[in-house]
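Have a look at the structure below, then the notes.
Chain nomenclature is as follows: A, B, C and D, assigned in order of appearance, with residue numbering initiated at 1 for each chain independently.
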């Protein structure tokens, strides 16, 4: 099992290096590498939990590993369609960085050392900066610069947090070498010094919060999303946001254990609640004003990240289970949505929500796919997000009724904004002026497969996945004695 | 017992109408036709040949019969001579208003069917007047039913008979409200003029314009019967003395006499109002009907709050 | 349970190729009949069966008990008639989605799921699924912007209601220690339960279209195809009432629900009056029916409020009667409204317009559907022998018994509500009469109306079935009340009506009041027949046809006829305060008369809220000003604030 | 001060030097001295790591100290200098607005970081607790510099100052993190510098000035037509 875990991480890395120097039929190599990585991840996840020195696997990072591998595969399938206008040079730049990015994602999830986790996330930022500036327009350069500066600063603050965690571990643990490994840290979590862990949590919250797009630190996200091309968007929203929250989740487990005895034990939860609510509110309000389709769904990502953080802040096992379910469904659904959005912008020939009209008439297949994906994001029934929002709201109403009411209000505003933007795009007459951009159409079956997975995760989740999520939730919400 | 009451009711209706017309003529110091004139009109109309507009459907011919039957049925439940009427156990006060509504709906459908200007005009005015008058009637009967804790007419009149007519404020308000409603429902002067044919003012007459022959006779007759229905209703509720409690011939004769006296008095009151009050503008009528509705609600409140005896 | 499986199958099979359309409709009809049979079988004495299975996250506890059986009856009846009706109706539709069967199937399945759910999560799943499926049906003709706009508002209000309901269920689950309805019944009364109940009733009011939240109803129904708006109006609105009854009377025990009862009565009265006034002035035939749904739902809510009031002041027997009246009106209104909507569908088929101003004189061209429509109108207008009158009469009897209450204020509230009821009944009769007259009577006002053809046989058969059901429940209310007694006994331990034989129903005691519709009809028929026989003794030739009188100016044309707007003009003047009316004489030279009637609640409640949210988003936009240094400042600021917070 | 052994005195002196250089960075207007100050700061941090390595006898700490010295002391300043030549920015000076306020807030940040880190300082052994405080102050000052300065190059230097602060914290807190982590961090910083170089060319090419405020095209405030509610 450890072998397949190593494979899951190393294959993308090797592919990145190979693609960097090898120019011919890069698309096939990229596809095969992602497929192998996904299979390796699947094999690793099916195996038992494993706590190695460099890589580790436990209930919490299993679901994320699987979804990241799967999303990488589906996005790789759609890459040729999107890279076709960029030509040979663009592809040569895109594929290696794409594989490097997926390698860093897998490494961040599977690594057992918090230092390596930080290095992997920093690597992910570096890999994506050039991709955001892929099509060289002034807006793209500006978005990339902002993305790079803001995420760089954020990640630096996260490094300070990691250092403080190591410092606290250094004091508590006997052998300093083990001071950075998750299993050791979790074991000794209750002996860590509360004040140090508190400050470390703050730094990590601001650092990884920037990467996850929580509100006061979210400004880079809409700009980066409006500039990036669709496959990158799918990867960013599908995996990067989840990994950032995964890291934050890990640190929160340590802090909860450390602060369990001290007076300010519920401050981390309060902070998460505050950040979650602020993100949902601001994202909902700004959703009303959007005119660019990619920016619109960028804000929708911020809103869903806010809801998940709010659920994590609640702290009960049910709320944490719902938060994990929400993250998984959102990752899968949003990745599928951005692939379809990319195809829609290519088909309708414009990115502004006011000029895309009557998709159902233009291309019924694409129209229905877009409508289904948007419904998934709006949290409508058959999809998993509805079930997770249902669980979150009911458990929130039980513990924090007033906050739950305000969260519900924000969700309603967001739903209204999304509906008001998406409905004219899909329904109604297609204006005659829309010229047919591309003749060949994108293969939509991967997106439909992902949306199907979201429905399965929601309504009829198979028992094995249910148990994995349940004991992950229990481990997160109830700190180890 | 039931067919006798229905027959008596049907025959007396034109007589009351004739009596009121004669009184009004006398007040305007002209001789006026004899009270039997409405009977003669009905006999003449029954003999004439009915004419039907070719734009009318089967509803036009069926409407008069439904109207006549509904009004007759409403009258059968009224305690005219004896307190206990056969149909009382089956229908109550609310069902009576339902029959009146059925009659009015049949009239309006009949008037709208040929699709002429007059039918539509009369129907739209009648729609407004009846839509505002009916709640007052319903509410008045409802507050009276509240006093007797039952909506069965016979029980209500019986209760009023044995508790005697002490002066209750709710009765006074309800009496005024019902008087106004009776005036409007029967197309009497404050809201509508029965004798006019002027497009600007007529309501009831406009609807009846297209019928002829036996259909017109039936419609006229049910109009008369409606006036008698209101007369008897007011008499029973507010002056129940003299009603026979069991069907012995002597008691019946006495009850008939009392009834004739009461109806005559009501005829005088109606004639007086017709002679004195000018025709109101159509859109002043809702003001009057709102006043009637207010009086009925006031009656209800005064009963509920002041005269509460569980 | 079988019914829901069939409905789901219908939904899926409709997704199949075009040829499966017929199969889908048959499956839908079968599921309707199945649910009708399940309801009847339970109410006539069968045991209540339950299904418990957990599938993924959502535990599927489904229980069929008397209350859900009563609501299954209208659903089954309407769904089976719609399956019959839809076949010819859909042949004419060429715009919009090609397969409406899918959404219809899922719509019916989710409604059945809501009725049977005995656990908070499947209830919510069904509730939101119902909203989504009906949204897909409302935007069936998504070419016109009006139906898109209606769909948008409809789904928004439905989703808002669903979220509020989620909050309420969360509070209740917290109080009772678990989301299962059985736990809720056992839970003791607590303060949070009262707040949760109020929230839930707010959500149900939004779904039932009561006054402040009714704007979606007059928009959504005309947009959907007729058989779907029949299903929505007849059944979906009742599901909200089912929720209200289930929570107020069965699940949540609250010390005193006085405040809630009074608000329900006032909201009910308000939506009755406003609903009927709106219905009076509408020009579109389906809007009139939609607004009259608002009025009838208001009536049912007032009855429920009355029942709740009686229960809190300790008169369980009267509460049972009021609840019985409410449920009876739910059944009657479902049948009548479905009949009228299907009638509207046939009219639209015949002269492809919904505008009353362009119809007229259809009775001669379409006698059968005209007669059925007349029956529906009379029934809904509460004319004695028919079924609309029975439930309103029972409600009046319930209001009449208010003298047994002690507190003076409450005792005066009920007669006021009775006053509103009286006014609404009168106006309802006027509105339905106007609807029937302007559609069927007089002369045809437009060429399509002149050339209207009778509806195809299947449509008439469907309407005929519904009309038969209406007449049956009108003449024999006792049968229905016997079934309703089971529900009121289960909920309030008192039968709704003391003696409910087939012929006569007496709510309290014989001396007080009783009503036998069959006898009433018998006497009317006897009198009418004997007068007709009396007059027809002398053999008459065929009736002579002449020109109707038009002051001698030649034959009256269709333009001389009164228009629907003019028919309602006097009443519109009287109630001008409730509506925002804009009349103006347009070009050329003031010969075109324009009349727009908008709902006043729109600019009293919805426009200010929308403006406030937009201004909020303008302020929020300042946060994203585009300057990198400002963003870095935010990051530094957050860090410092958090460090300060942490070091308390 | 006198009671401490010689090595600790050295560390304290070097930490003070690092704090001084970050204040110099804040106040310098011309770019060339800014780069030199950043180089000095890098060297001091490397020397602290060297001293700590010698005292604790940890071999890998020496390796990372040498690596940092080479990277932050020499290589990155040389790259930045070459960029200056290519962009011909030698002479360009940036007028710093309300200079006094910035320095005062810098001092306030140092006091604040001291107040925050105080409970930690008692726990750590001897001088290293105060070194953590210095490193937090340097990180905050680096961030303040990025917020205040308009020049893109100055912002990059601010970023480098933060990295130095972080390395100092790592050394002080845990006596150097495991080698593989150190290598990863150093590699990331180098890569960041390369990317910054590429971006300078792009920015210059697009808005032909290095002023960051000019980069504000992507904004929400552009008046979106108020879509009327239906």
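By our rule, contacts are C-beta pairs under 8 Å (C-beta built on N, C-alpha and C of every residue); 3 or more make two chains touch, one makes a residue touch a chain.
Computed from a predicted structure; not experimentally measured.
Listing every chain that touches chain A and chain C alike gives D. Chain C has the Cα centre that lies closest to the mean of all protein Cα atoms in view.
Top contact pair of chains, counted by C-beta pairs, is B-C. Centres computed as Cα averages put chain C at a distance of 68 Å from chain D. Rounded to a whole number, the gap between the C-alpha centres of chain B and chain D is 99 angstrom. A straight line joining the Cα centres of chain A and chain B is 78 Å long.
Work out the mean CA point of chain B and of chain C, and you get 35 Å between them. Under the contact definition stated at the top, the residues of chain A that touch 2 or more other chains are 145-146, 149, 153, 157, 195, 199, 222, 286, 289, 420. Taken residue by residue, chain C touches two or more other chains at 152, 614, 621, 623-624, 628, 632, 635, 639, 643, 647, whereas all remaining positions touch fewer. For chain B, the set of residues touching two or more other chains is empty. Every pair of chains meeting the touch criterion is listed here: A-C, A-D, B-C, C-D.
Of all residues in chain B, only 6, 46, 49-59, 61, 65-66, 68-70, 72-73, 76, 87, 89-92, 94-95, 98-99, 101-102, 105, 108-109, 112-121, 123-125, 127-128, 130-135, 138-139, 142-143, 145-146, 149-152, 155, 209-210, 214, 218, 282-283, 286, 293, 296-297, 300-301, 304-305, 308, 310 touch chain C in the complex they form.
Contact residues on chain D toward chain A in their complex (touch as defined above): 116-117, 119-120, 123-124, 132, 135-136, 139, 143, 146, 152, 155, 159, 162-163, 165-166, 169-170, 173-175, 177-178, 180-181, 184-185, 187-188, 191-192, 195-196, 198-199, 202-203, 206-207, 215-218, 220, 224, 227.
Put simply, chain C touches chain A in their complex at residues 55-58, 110, 120-121, 124-125, 128-129, 132, 139, 142-143, 145, 148, 151-152, 155-156, 159-160, 163-164, 166-171, 173-174, 179, 192, 195, 613-614, 616-618, 620-621, 623-624, 628, 631-632, 634-635, 637-639, 642-643, 645-648.
Residues 360-361, 363-364, 367, 370, 374, 378, 381-384, 389, 393, 396-397, 399-404, 408, 411-412, 415-416, 418-419, 422-423, 425-427, 429-430, 433-434, 436-437, 441-443, 504, 510-516, 519-520, 523-524, 527-528, 531-532, 535, 540, 543-550, 556, 558, 560-562, 566-571, 573-574 of chain C are the ones touching chain B in the complex.
Within the complex formed with chain C, the chain A residues making contact are 145-146, 149-150, 153-154, 157, 195, 198-199, 201-203, 205-206, 210, 216-217, 219-220, 222, 264, 267, 271, 282, 285-286, 288-289, 325, 360, 375, 380-382, 386-387, 389-391, 393-399, 401, 404-405, 408, 411-413, 415-416, 419-420, 423-424, 427-429, 456, 458-462, 466.
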